[in-house]
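The data blocks that follow each hold one structure.
Common to both upcoming complexes is chain A, partnered first by chain B, then by chain C.
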Partner chain A sequence: MSYLDYFCLSLKRDMQLAATQKHEFGLPLVFFVLVVLLVPLSVGPEINLLNRIAPAMGWIALILSMLIALPRMFAEDYDNGWLELVFISGQPPILAVLARMISFWLLYALPLVLSSILLVPFFQLAFEYWLVLAQTLLMGSFLITALGSIASALLLGSRKGSAVMALLVIPLLIPALIFATSAVDAVIQGLPNTGPMLMLAGISVLSITLAPIATEHSLKLMMS
Partner chain B sequence: MYITGPNGAGKTTLLRSISGLHQYHSGDIELNKQPLSEMLANVLYIGHKAGVNENLTAIDNMQHWLMLTGEKANINEIIEKIGLSGLDNVPVKFLSAGQKRRVALSRLWISTAAIWILDEPYTSIDAVGINVLNQLFKRHVDNGKMVIVTSHQPLPDDLVDVNLNLEYRF
Partner chain C sequence: MFKWLHPYAKPENAYTLSEKIYAFVIPLATLCLIVGSLWGLLFAPTDYQQGESFRLIYFHVPAAIWSMGAYTTMGVLGFCALVWQIRTLELAVIAIAPIGAIFTILALATGAIWGKPMWGTWWVWDARLTSELILLFLYLGVFALYFSFDDKRTGGKAACILAVVGIVNVPIIHYSVEWWNTLHQGATITKFDKPSIAGDMLWPLLINIVGFLLLFIALSSYRFATELAKSEAHRKWVLKLVRKNLS
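This part shows the complex of A and B:
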């Protein structure tokens, strides 16, 4: 079996597992939508204020929603022993790790990025500003998935994994958060935003490149 | 090879070390002067956590094992052999403990690996099932292959070539 076949079959297995547990990947989405709905209700109909906080709220909702799902990334396969089989199967474990990260992003992160369109009606955010925000959220979702996969692997078997996950991941997201909000702010003020966008893209690409290797080693460490 | 010893003696640690899951501190594990870590594709390990996803059916689980190893097998035939005919489309979580263990042990029929490393394979298995397993082990060994088993249950004498008894040391 070629590596590509193995990778595709791993991806297919992840999708099949997700289909048996639909409620699992619906929960972060519901949380995200609720945050986006409840904040304008509590802040009140001040368009300028809502406009100003919309990018930050989009990002905070994305981070918190993904933190709900991240501890589950490898937990089930670790608990039932599937990960052990992957590591002694003779196939490169990094392919299964990569497949899991991609399926996680497709199932959990992408729906959240698409749902951020709700910021347009509820925060009175102009559509062209939302397009920029959505680009930053997209890059942020790659970053959170990458960093979260390492943290998720390191916290396998930990009872307080969810709480520690937030402590591990959120501080590392601060630079991305700053670049993302400044990119959207720059567009709102009519200034060029290439700099912060490129910095955000650079951070995301670096994380996506290194995270599968770090995750594979973390998983191996946790199993021995 | 039949590995015995009290709880905590290190039976599972030994098996996990042989199968490449445990990072041991010193020494080497070799077979015919070749590191066993280079022959993992020829090793089948079934431990306490057997890699069975309980949300999936027995058939789905078997298909995933086949995907992992690249092996081919007639799944329906194996379902019949392990006594789960009619339950093949039921998620494993709805099966009894013994039936779940049978699903896990079905990898013995799927695998073409020469070395079977089995940690407490008889757990939750009834007398008929134990007899079937013993016959399977015998056939595997008679074909010049190897079975390494830990169990608190005595194995038939004709099945055991080497008995390794581990001592508990604190």
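This part shows the complex of A and C:
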């Protein structure tokens, strides 16, 4: 079997499995909306303020909802022994890891990024600003998936899940958050935002390149 | 080239070596810290602008420098532990993590105490302060990950992986935060430039920086020895050691 075939098969398996448990994927979305709902209730319904903090809230809601979803990335495959099979199959495990990351991104991250359109009516964010925000969220979601895959692999054998997950992922996300919000702010102030956008893209590409290696290594450690 | 290093992969030898390092370094560290602190606190000239409160620099700067140095050390050791599969180095990573965290807290605390009279506030969302705070969370992450495993061996390896992932991220975090917002003054002493601090004030600072480094070395080799003995508690050499210490 060629590497490409193996990769495609792994991806297909992940997607087919996901199709059998559709209800799973709604929960992070609901969580996203709940976080967005909390904001006007806590800072007050004044629209100018909400409008100003809308991009930041989109990012915070994305990070929190991803943190809810991340522990599930490898948990089931670990429990039912599939991961062990991946590692003794003789095929490079990194391909299966990559397939899992891509399927996770498609199933959890992409819907969250798209659902940030809710900020347009809720916080009266202008549509063209939302477009920029969505671009940053898109690149950020790659980064969160990549870093999260390492963290969720590392936490497979551990007892406490989500609190440690936040501690592992959030500090490493801060650069992306900084560049993303400054990119959106630049557009809102009518300035060019190429710089932060390129930095954000660079961080994402770097993490997508390196994370599968670290994830594979962590999974191997948990298998042994 | 590194053949002389090989015997120290054996826990027993590593234990003896780190005990020796501790015994040798701790008097030096004490000496440096006493001389540096007394000189800095009592004899260094008062700053014309900041008054007496500038003297916190003698603890703040060394703690901040070695909080970062400790993380680098931890990352490099973690990398070596993963690449060459050396168990003893995993324990070194775990030994360093809390010391680094304490240095970070010390730097943050002294900075806050100094910031109150100087900047008029305990805390500002400034680049250096923020990246130091993030550094604290990186340390806590390594530590928390280690303790979330029942099997300490797996926990140690996981902590190593996290330390390596962190070390890749540290420069990115540092520069992103730097560009985000900065109020903190630039570095006062750099290698390549003439320092912008008077010599009388500089010497005690340098002595304290060396003192903190020695303290870091001493404490981490002490903790390392303890971790080694703990993880090898069932072995003969540890039993022998305990008997010798008891009698």
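Operating definition for what follows: the second predicted complex is superposed on the first by the 217 of 224 C-alpha atoms of A that agree within 3 Å, B and C clash if a C-alpha of one lies under 4 Å from a C-alpha of the other, contacts with A are read in each partner's own complex, and residues count from 1 in each chain.
In the analysis below, a residue touches a chain if its C-beta (ideal position, glycine included) is under 8 Å from a C-beta of that chain, and two chains touch if they have at least 3 such contacts.
If you're wondering where the values come from, they're calculated on a predicted model, not measured in any experiment.
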{"item": "Touched partner set for A:Leu41, first chain B, second chain C, both or neither", "value": "neither"}
{"item": "Touching partner for A:Arg159 - first (chain B), second (chain C), both, neither", "value": "second"}
{"item": "Partner chain in contact with A:Ser218 - chain B first, chain C second, else both or neither", "value": "second"}
{"item": "First (chain B), second (chain C), both or neither touched by A:Ile88", "value": "first"}
{"item": "Which superposed partner A:Met199 touches (first chain B, second chain C, both, neither)", "value": "second"}
{"item": "First, second, both or neither for A:Leu172, with chain B first and chain C second", "value": "second"}
{"item": "Touching both chain B and chain C, residues of chain A", "value": "none"}
{"item": "Residues of chain A touching chain C in the complex", "value": "147, 150, 154-155, 157-160, 164, 167-168, 170-172, 174-175, 178-179, 182, 199, 203, 210, 214, 217-218, 221-222"}
{"item": "Footprint of chain B on chain A - complex, ascending", "value": "1, 6, 9-10, 13, 16-17, 20-21, 76-77, 79-82, 84-91, 223-224"}
{"item": "For the chain B and chain A complex, residues of the former touching the latter", "value": "19-23, 40-41, 43, 45, 47-56, 60, 64-65, 67-70, 91"}
{"item": "Contacting residues of chain C [partner chain A, same complex]", "value": "82, 134, 137-138, 140-141, 144-145, 148-151, 154-155, 157-158, 161-162, 164-166, 168-169, 172-173, 176-177, 179-180"}
